[in-house]
Each structure stands twice: as structure tokens, then as C-alpha cells.
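Next, two complexes with subunit A in common: one pairs it with subunit B, the other with subunit C.
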Partner chain A sequence: MKKIILDSNQPLIATNQIGEAWTMVILKEVAKEKIEGYTDIFYLQEILDRYFYINEIFKGKKIFYAFKNIVTDIFSITPEDFDLSYKLYKKNKEISPRDLIHAAVGINNNITEILSIDGPGFDKLKEIKRIKLPDLLKSLNLKNNYIYERKNISRS
Partner chain B sequence: MKNKKFIDSNIIFYCSGDIGYRWAVKVAQEVAKNDNDTYTDVFLFQEILDRFYYLNDPDKAEIIYNAVRSLLENTIKVTVADFDKSYELHQKYPNLQPRLLLRVGTMINNNSKKIISTYSADSEEIEEISRINLMEDIKV
Partner chain C sequence: MKEKTFLDPNFFEYLSKNGKGFQLALDAIKNKKLLYTDVKGLQEIVYRYTLMGETEKGYENAMKIRNTFKIFPITEKELDTQESLLMRYPNAKPRELLHVAVMINNDIKNIICSPESNYKEIEEIKVENIIAKFFDI
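After this line comes the complex of A and B, so read on.
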């Protein structure tokens, strides 16, 4: 089964107006246990932080709980993860340390693919591969039924 | 560790400023003497790298990171249980930053109540932890 790390931007996109359908397809596949989708503590923290600072913590809590229940597992952040992220940092000082810690957690848990819209950081890393949403949908032969259904509704 | 004390990142940032506040350096020296009692979590190191990355000063990030890593041998992981505890705390303290509550969640799960930190009105609200008085307890 395909194993991927889910960036915190995935549940955030899924709950927004634009692009929600694409991400929902993947999150539904994870919920149905057809893909193994993992995340880490820092990603969960990012969801709560984001909604706290825009003063919408109640919305944040809903998204946080839904995402927490959907994912296959949540990884702790250990000092070993941090040591690896620091090694990566020394080689790639132009990449955000936040991206590096997520990459390190994935690598230490034998997962080298990450589903994210944050291209600039992850794309420069050799140790981990960023998957783009359309590519993932294509590789899994997933049709975006949600969009299809919505188009049919609007036409009728 | 009998009297575990959590060290907050603000002490490190006061030490590492261009001036390097003397009192903060003195706190760090005390921590070095009683290394076994003091600990932190991986978030502190993340904060160091994040801060100097956004200040565009990677060399300083390395210096501070290495200094703190050698100063503090006891670095603990942040777990899902810590996160769940912080979420519990969030129900009690809805106006406090989730980041601060995660730190408190980690402390509670590691049976620790004392934090070495500067004054912050938010932290003072939390009943589950108490701040070490830097003037009296460490005599800075």
C-alpha cells in the first residue's frame, strides 16, 4: 500500500472553497484505508496555531479533530528526528527548518513521499520526494468524482 | 531527575542576543552546573533554527544550536499524548496559545512543574506549572 506524509496544508485546502475537491479525494482514500497517510505532531500544531491566530479556533478544532481521526498514524517528534533535520539543514541552508523537520520525521519512519503544495523547500531535498496532487490522483487511477458530481449538479 | 526543570527558549534567545544579557548567561551557567535537573523538548531546537532562518543568519543558528545541544543533554520527544494533554488544557485555557499549551502538556506528562522562563502573563495563568523566580532561586 502507498505510504505518504500528509502536509498540514492538505486539511486546510480541503476545508477551503478553492481546490477542496482534489484534496478531499485523497483524504477520503486515507479514511477508507486505501492509502496510508501519516502526519506528525508539528503539522497538527500548525493547524491549531493557524486558526488561533485568525481567531477562529472553533473551526480549527473541527478540522484538527477530523484530520487527526482520518490519518493512519501520527508521529512523535524525537531528538533523533531533530538530529537528522539538523544534518539536512547543514546541507540545505536555504530550506525552511520547518520543512526539514517534517522531512526528517518521514525519513526516520521509512516514508519518503510527502503530499504538499509547498514546492520550494521539499523540491530541493534529495532525500524526500514531494508528490503533487494531480500526479498522485493519476498514479492511483483516481477519478475526481466529487468534481464530476458537482458539475453534473450545476448542469442540471 | 528529582526536581526536573524545563528551560524555555526565551532564556536561550536572551543569551544569544547581540548584547547577550548577563543575567540570561548566568542562568545558562547555572543550568550547566546542574545539568541533570534541567531539560527541554525538541521544540526548543526547532525554535532556534526557525528564528535564525528567518533572520537570515544560518551561521548563528549553528553556533547557538551546538552550544545548547552540548549544554542540555536531556532533550525529550514531543508525543501524541503530549498533544492530547495540550488539547485538554485548551478547553480550560481557550485564550492561550496552542504552542504554549503543548509545552505545558509535555511538562505535565513528564511529571515536571517548574519552568525556567522570563515573565509572561499567559504562562502565569496556568495553574499546572510554576515559574522559577530567576532573581531569588537562581540569584541572577
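After this line comes the complex of A and C, so read on.
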């Protein structure tokens, strides 16, 4: 079964907060246990922080709980993850520390593919591969559903 | 017996804003026994330096903390505790409640933090004001 990390943008995209709702297709696949979709504690915190600072913590909590319950598992963040993120930084000084800690968590949990819209950082890392949504949908033979959902969204 | 104490790294940020450098602040507390922080605290140090365009220095200082104190991981257990705290303190900052969750789960009552933070509103813990004791601010 395919194993991927889902970044904190995925539930926001899926709930139409910042983009297009067909990311929901992937989350549904995770919920149906057809894909193993993981996230980490810091990604979950990013959701709460984002909504707290725009005075919409209630909305943030709803998305936080939904995402928390959908994912296959939530990775802890350990001091060893921090150590690895520092090692990665020494080799890739242009990548944001935020991306590096998520990458470190993935690597330490043997998952090296991440579904993320944050391209510039992850694309420079050799140790982790960023997957784009259309490519993931295609690899899972979900492209038709994806197009179908897009049409439905554009009609609504 | 000395009580365990948690360190929120916003303590360093506050001192820095008041002209006291990181090393000076670290020297003031490094001999304090039973001082702890968590991995989010380390990441927050790096993040704050990154905002000033000094990521490298941020990692170096975070590693000083890493090598001086015990660092707790953050697990799903802390998320569950944070969830209860969010219900009880709906206006509190999520980041502060996550640190409090680490404290509760590791049986720590005292916290050293910036006076600008809101920990004093959390009944489960006690803010230890050491800034007046060590610094002329």
C-alpha cells in the first residue's frame, strides 16, 4: 500500500479554505484505508496556530480534529528528529527549518514521499520526494474521479 | 528536593528584546537543576532566528539548549492533553497549551517564561519569575 505524509495544507485545501476541494479525494482514500496517509504533530499544530491568529480558532479546531481522525497515524516529534533536521540544514541551508523538521520526521519513520504544495523546500531535498496532487491521483488511478470532482465543483 | 521546571524559550526572546543576549540568559539558568523543555521549544528558537535572517545562529543556540537540558518529545498523548486544555482555556494560545500539556504529562508544575506570555492564566501550572532575580530589567 502506498505510504505518504500529508502536510497541513491538505485539510485546508480539502475544506476549501485555501484552494481546491478535490484534495478531498485523497483524504477519502486515506479514510477508506486505501492509502496510508500520515502526518506529524507539528503539521497539526500549524492548523491550530493558523486559525488562532486570524481569530477563528473554532474553525481551526474542527479541521484539526477531522484531520487528526482521518490520518492513518500521527508521528511524534522527538529530539532525534530535531537533530536530523539540523543535519539536513547543514547540507541544505536554503531550505526552511519548518520543511526540514517535517522531512526529518518522515525520514525517521521510513516514509520519504510527501504530498505538499510547498515546492521549493522539499524539491531541493534528496532524502524526500514531494508528490504533486495530480501525479498522486494519476498513480492511484483516481484521475477520472479527480476530473469528475473538479467539474462538480465548477458547477456549484 | 528541587522541583522540576519547564523552560519556554520565549524567555530568551524577551531577554533579547531587553538587551540581554542568549548566552547571558543561558548562563543564568544553566546550573538550575531539573530544567526541561520540549522539542517544539527547540524548533521555536530556530524559527525566531530565521525571522531575523539568522537561521544558523538559531540552530546553534537551539543545540546549546538541546545539550544542556532534558528535551521531551511531543507525542499524541500531549495532543490529547492539549485537546482538554483547549476546551478549558479556549482563548489561550495553542502553542502555550501544547507546552503545558508536556508539563502536565511529565508532572512539571513550574515554568520559566517571558512575562509577556499568558501562562499565569493556566491553573494547572505556576509561573516562576526569575527574571527580576537575575536581571536588571
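Simple rule for what comes next: the second predicted complex is superposed on the first by the 139 of 156 C-alpha atoms of A that agree within 3 Å, B and C clash if a C-alpha of one lies under 4 Å from a C-alpha of the other, contacts with A are read in each partner's own complex, and residues count from 1 in each chain.
Rule of thumb we're sticking to: a residue touches a chain if its C-beta (ideal position, glycine included) is under 8 Å from a C-beta of that chain, and two chains touch if they have at least 3 such contacts.
Every value quoted in this text rests on a predicted model; they were computed, and no experiment measured them.
Student: Determine, for the superposed arrangement built on subunit A, whether subunit B and subunit C clash or fit.
Tutor: By the criteria stated at the top, subunit C and subunit B clash after superposition.
Student: According to the stated criteria, A:I57 is in contact with first (subunit B), second (subunit C), both, or neither; which is it?
Tutor: Both: A:I57 reaches subunit B and subunit C.
Student: Kindly classify A:K126 by the partners it touches after superposition: subunit B alone (first), subunit C alone (second), both, or neither?
Tutor: neither
Student: For A:I101, select first, second, both or neither according to whether it touches subunit B, subunit C, the two together, or no partner.
Tutor: It touches subunit B and subunit C both.
Student: Who does A:P79 touch here: subunit B (first), subunit C (second), both, or neither?
Tutor: So A:P79 meets both subunit B and subunit C here.
Student: I'd like to check the shared interface: which positions of subunit A are touched by both subunit B and subunit C across the two complexes?
Tutor: Common to the two interfaces on subunit A: residues 41-42, 44-45, 48-49, 52, 57, 74, 76-79, 81-82, 86, 89, 93, 96-98, 101.
Student: Touching residues of subunit B toward subunit A in the complex: what are they?
Tutor: Within the complex, subunit B touches subunit A at residues 42-43, 45-46, 49-50, 53, 58, 61-62, 65, 75-80, 82-83, 90, 94, 97-99, 102.
Student: State the interface residues of subunit A toward subunit C in the complex, per the touch definition above.
Tutor: 41-42, 44-45, 48-49, 52, 57, 61, 65, 68, 74, 76-79, 81-83, 86, 89, 93, 96-98, 101
Student: Quick one: which bits of subunit A touch subunit B in the complex? Just the residue numbers, please.
Tutor: Counting only subunit A, the residues touching subunit B are 41-42, 44-45, 48-49, 52, 57, 74, 76-79, 81-82, 85-86, 89-90, 93, 96-98, 100-101.
Student: How about subunit C: which of its residues touch subunit A in the complex?
Tutor: Residues 39-40, 42-43, 46-47, 50, 55-56, 58-59, 62-63, 66, 71, 73-76, 78-79, 83, 86, 90, 93-95, 98.
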